[in-house]
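After this come two complexes, each holding chain A, first together with chain B and then together with chain C.
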Partner chain A sequence: MKALVVKDLHKSFGNVRAVVGFTLEMEEGEFVTLLGPSGCGKTTVLRTVAGFEKADKGEIYIFGKLSNDIPPEKRDVGMVFQNYALFPNMTVAQNIAFSMMIRKEPQDKIKKRVGELLELVQLSGLENRYPHQLSGGQMQRVALARALAKNPKILLLDEPLSALDAKVRQQLRGEIRKLQMKLGITTLFVTHDQEEALTMSDRIVVMKDGVIQQIGSPRQIYDDPINPFVAHFVGTSSFLEGEMLDGKIFIWKDERFEVRKSKVKNGKALMVLRPTHLKMVKDEENVPDGSNVMKGRVSLVTFLGSVVRVHVMIKEEEILVEMPSEDFWGFKEGDEVIVYFSPDFPLVFPKEQNIQ
Partner chain B sequence: MKRIHLILFLSPMVVFLLMFIIYPYIYIIIHAFMDDFTGRFTLRYVKNLFEKWAFTNAWRNSLMFSSLSTGIAAIFGSIIGWISTKFDDRKRGIISSLFSIPMTLSGLVVAFAFIVLLGRNGIFNIIFRDFLKLFHFDLYSWTGLAITYAFFNIPLFSLTMIAAFRNLNTSLVEAARNLGANIFQVWRYVIIPVLAPSFLAATSIVFAGMMGAFGTALALTGMAKNLLSIQIYSHVSESNYNIPQADALALLLGVTTATILLVLNTLERRLRIKE
Partner chain C sequence: MRKSEKRWNIIAHIILIVFSFIILAPILWTIRTSFATDVIAYEIPPRFFFKPTIKNYINILVENNFIRHFKNSFVVSLSSTLISIPIASLAGYAFARYNTGGERLKFTVIATQMLPPIVLVIPLFAIYMKFHLVNTLHGLTISYLAFNLPFLIWILMGFFEGIPKELEEAALIDGATPLKAFLKIVFPISAPGIMAAAVLSFIMCWNEFLFALVLTGASSATIPVALAALQTQRGVLIGKLSAGVVMAIAPIVILSLFIQKYLVKGLSFGAIK
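So, the complex of A and B:
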């Protein structure tokens, strides 16, 4: 049985179409991320699954049960909010125990479970603190423990990390994913941060203006974006505007590149080049046979830790090239270089598809 | 140098406190225990407070009337605060501005406005008593007085509650529902505890105001209603001139109000949650 099925969901606020024809099926134990720019309808989908919004059209099935008309408190889903939403008048332990208190479970059982959950989120010893005495990261861990306390069938997280510092965010990212795999809980995660989506998810749903653009594994989304929007939003890319000839040759300015993956046969087209698909050398001799070659001048070198990103000006366009730091051998701004790429890599889309 | 700056900076406040609060209070306390003619210490005026029916009755009336008025303001103010959550920020701003108006009006003007509306020959009574022959509304009763004061107190209470409800994070309510709480449980465990400090603060303000309320009551009912504030007035006015007794009454009013405020504020502080 599917853990969650959202079928043709539509939702408008006044004349704002927040979600349009959203369809998604989730397997049990899967971690799926809704990814897209702010305002694309991610939260609305999540809130409809949680029961806080009523679908204009479409169905929500939670473990096979049609849930459109089930009130939020009766749905078997746990929710974690961006702003933590901890009860300020309750201690950490009381926050975590809230759902069990509502269900009138015996005190000793509650106490035991709160202890377990605190351990799970690594907050043992803080049970008597109030939310205002915690850091952002700690608050979000409490919120996570509180959501898990009721043993929900599905966990919903709405940008849970976006209010945190970069360092804490990275750490919690890994912890949430590990916890999720350990508990095997079906999780629907919302973020506008592509890195978060790529590192955490089994599958990613890329959205734009309330419409799903692409559903796929992080690898598929990154390597095989379905349109320029997805290519632009997920990962870094350089875009070249040109023309396709016979579905094989991409003409850009006076260059001709051989390409193998084009969605256009003839006519105006947009080529997507990932920085990692490009290689850079000083002399033409070192270029493997059959590569597409361009000449340019280095305009900026930025060191990003494990990789070095080089901006190369080629025919008045800036193209990004990335290489592992250990492969970088000292290009400087102003150097004349040769950039090349295999015909297997670049994707070519019809020109009318916009990247925005 | 620093210290002198601080003193200069605070001096207007100190002068204000001395002139309008500390000096009058000390004066009241001293004179409440001083015989007017001999200048000797006496407990006579304070004893009167507990022995004379007029005074014990005024004390009771003031307490009851203030509590009643505060209760009315609390009920309507809370409901209005809750209703305000259904509006967007712009509409809520308009409501708040409208509710600020009564506080700027003089009690006397409002009393006359109510006489025109609800008085013996006011519009309301002309319609309901003379034409429809249904009933007669007596503005000069306790009920009438309570309604007139509600005109000030409900907006005052509402303003605090509108702000409190606005600051109540809706995701708290949603989190509670997500965790299985039904609407009643959400109110009981989340909304009421979170709003309680603001509620108590508004209660304090309205209650304190009502204990001292005077102008509108005097304008509507003259000295017909036996309230502490009216008693004080009558003892400084010509008919019943007795300044030490007025001082003793003022002392009683002050001590009663302060005690209740102390209780409310302690409660509020205990409930107030640091964000």
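So, the complex of A and C:
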């Protein structure tokens, strides 16, 4: 049985169409991320699944049960809110115990479970603190423990990490994912951070203006974006505007590139180049046969830790090339270089599809 | 602290002390007079040190029936507050959360506060005559309810708007019914605000003069009306009046200390957002 099925969900606020025809099926234990820019309807989907918003149209099934008319308190879901939403009048322990207290479970059982959960989120010893005495990361852990306390069938997380600073965010990212796998809990996660989506998810749902653009594994989304928007939003890319010929040759300015993956046969087109798909050398002899080749000049070199990113000016366009730091040969700003790529890599889309 | 800063500090304090004294002087003088005999009270030049007497207090309570007026004020202020606060809380909550009636109804509620009360008091008197509500405590209570409710709704609405709705949603998703979420989360968080509104309501009723003057009679007069009545044709009974004033402001002073404590407590929950 599917853990969650959302079928053709529509939701408008006045004349703002927040969600349009959203359909998603989740397996039990799956970690799915809704990814998209701010205002694309991610929260609305999550809130509809939680029962805080009523769908204008469409159905929501939670473990096979049609849930549209079930109020939030009767749905078997847990939720972590972006702003934590911890109860300020209660201690950490009371916050976590809230759902059990509502269900009037026996005190000793509550106490035991709170202890377990605190250990699970690594907050043992803080049970008697009040929310305002905690750091952002700690508050988010409490929120997570509180959401897990009632053993929900589905866990909903709305940008739980966005208010935290980079270091804590990265750490919690891994922790949440490990916890999710350990508990095997079906999780729907919302973020506008592509890195978060790529690192945490089993599958990613990319949204734009309330409409799903693509659903796929992080690899699929990154390697095989369905349109320029997805390519632009997930990962870094350079975009070249040109023309397709016979579905095989991409003409850009006076260059002709051979391509194998084009969604256009003839006419105006947009080519997407991932920085990692491009290679860079000083001499033409080192270029493998059959590669597409461009000449340019290095305009900026930035060191990103494990990779080096080089900005190369080619025919008045800036194109990004990335290489592992250990493969970096010490190009400098102003160097004349040769950039090449295999015909297998670039994706070509119709020009009408915008990256915005 | 630098020298110029220090000097500024001293100057600021001197100015503040002067103004505080200007504000406090009449009250301090009233307190002093309330413990003086009539002879000392009217003496010119005034005497600062004398043997205090509580005769004024006893006289006003017994001869001028102030025990009764106190009771009237208490009954009216307390019942008006006890009735208005639950109504205003729920109404303010509904406005804040469910946008009941939209912006227009919100505006209408506050618009009622823009009419000068004096415009309404005569028609209200005429209506009260018909319904035999003149010179009754419940009549006065009803008028206070009508005039204070919109104001209380308005301030409580602001207070509830400050509580993020995610808090209630978190309670709902954790299995609480909407009523439980209100009682366990919203109410405890907003208790300081509700308390402050209640104190405010009580003070507004306690101090109200115009409606009380027109709508009450000898038996139902509240403290402000009774105090005004001490200005007789034979002159102002200054000793008694002072004693009455001191007794009238005492509960307000105590309540003000309360409200301060609650407002501070309300602010310390500021880490909600």
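Details
The criterion applied here is as follows: the second predicted complex is superposed on the first by the 356 of 356 C-alpha atoms of A that agree within 3 Å, B and C clash if a C-alpha of one lies under 4 Å from a C-alpha of the other, contacts with A are read in each partner's own complex, and residues count from 1 in each chain.
As a convention for this text, a residue touches a chain if its C-beta (ideal position, glycine included) is under 8 Å from a C-beta of that chain, and two chains touch if they have at least 3 such contacts.
A quick note: this is a predicted structure, and the numbers were derived from the prediction, not measured.
Chain B and chain C, once both complexes are superposed via chain A, clash.
When both complexes are overlaid on chain A, the residue A:Ala50 reaches chain B and chain C alike.
Contacts of A:Lys111 after superposition on the shared chain: neither chain B nor chain C is touched.
In the superposition on chain A, no contact is made by A:Arg309 with either chain B or chain C. Contact with neither chain B nor chain C is seen for A:Arg129 once the two complexes are overlaid on the shared chain. The residues of chain A shared by its contacts with chain B and with chain C are 50-52, 71-73, 75, 77-79, 81, 83, 85-89, 98-99, 102-103, 132, 146-147, 149-150.
Every residue of chain B that touches chain A in the complex is listed here, in rising order: 169, 171-172, 174-182, 185, 189-190, 193-194, 271, 273-275. By the touch rule above, chain A contacts chain C in their complex via residues 50-52, 71-73, 75, 77-79, 81-83, 85-89, 98-99, 102-103, 131-132, 146-147, 149-150. By the touch criterion given at the top, residues 50-52, 71-75, 77-79, 81, 83, 85-89, 98-99, 102-103, 130, 132, 143, 146-147, 149-150 of chain A touch chain B in their complex.
By the touch criterion given at the top, residues 164, 166-167, 169-177, 180, 185, 188-189, 268-269, 271-273 of chain C touch chain A in their complex.
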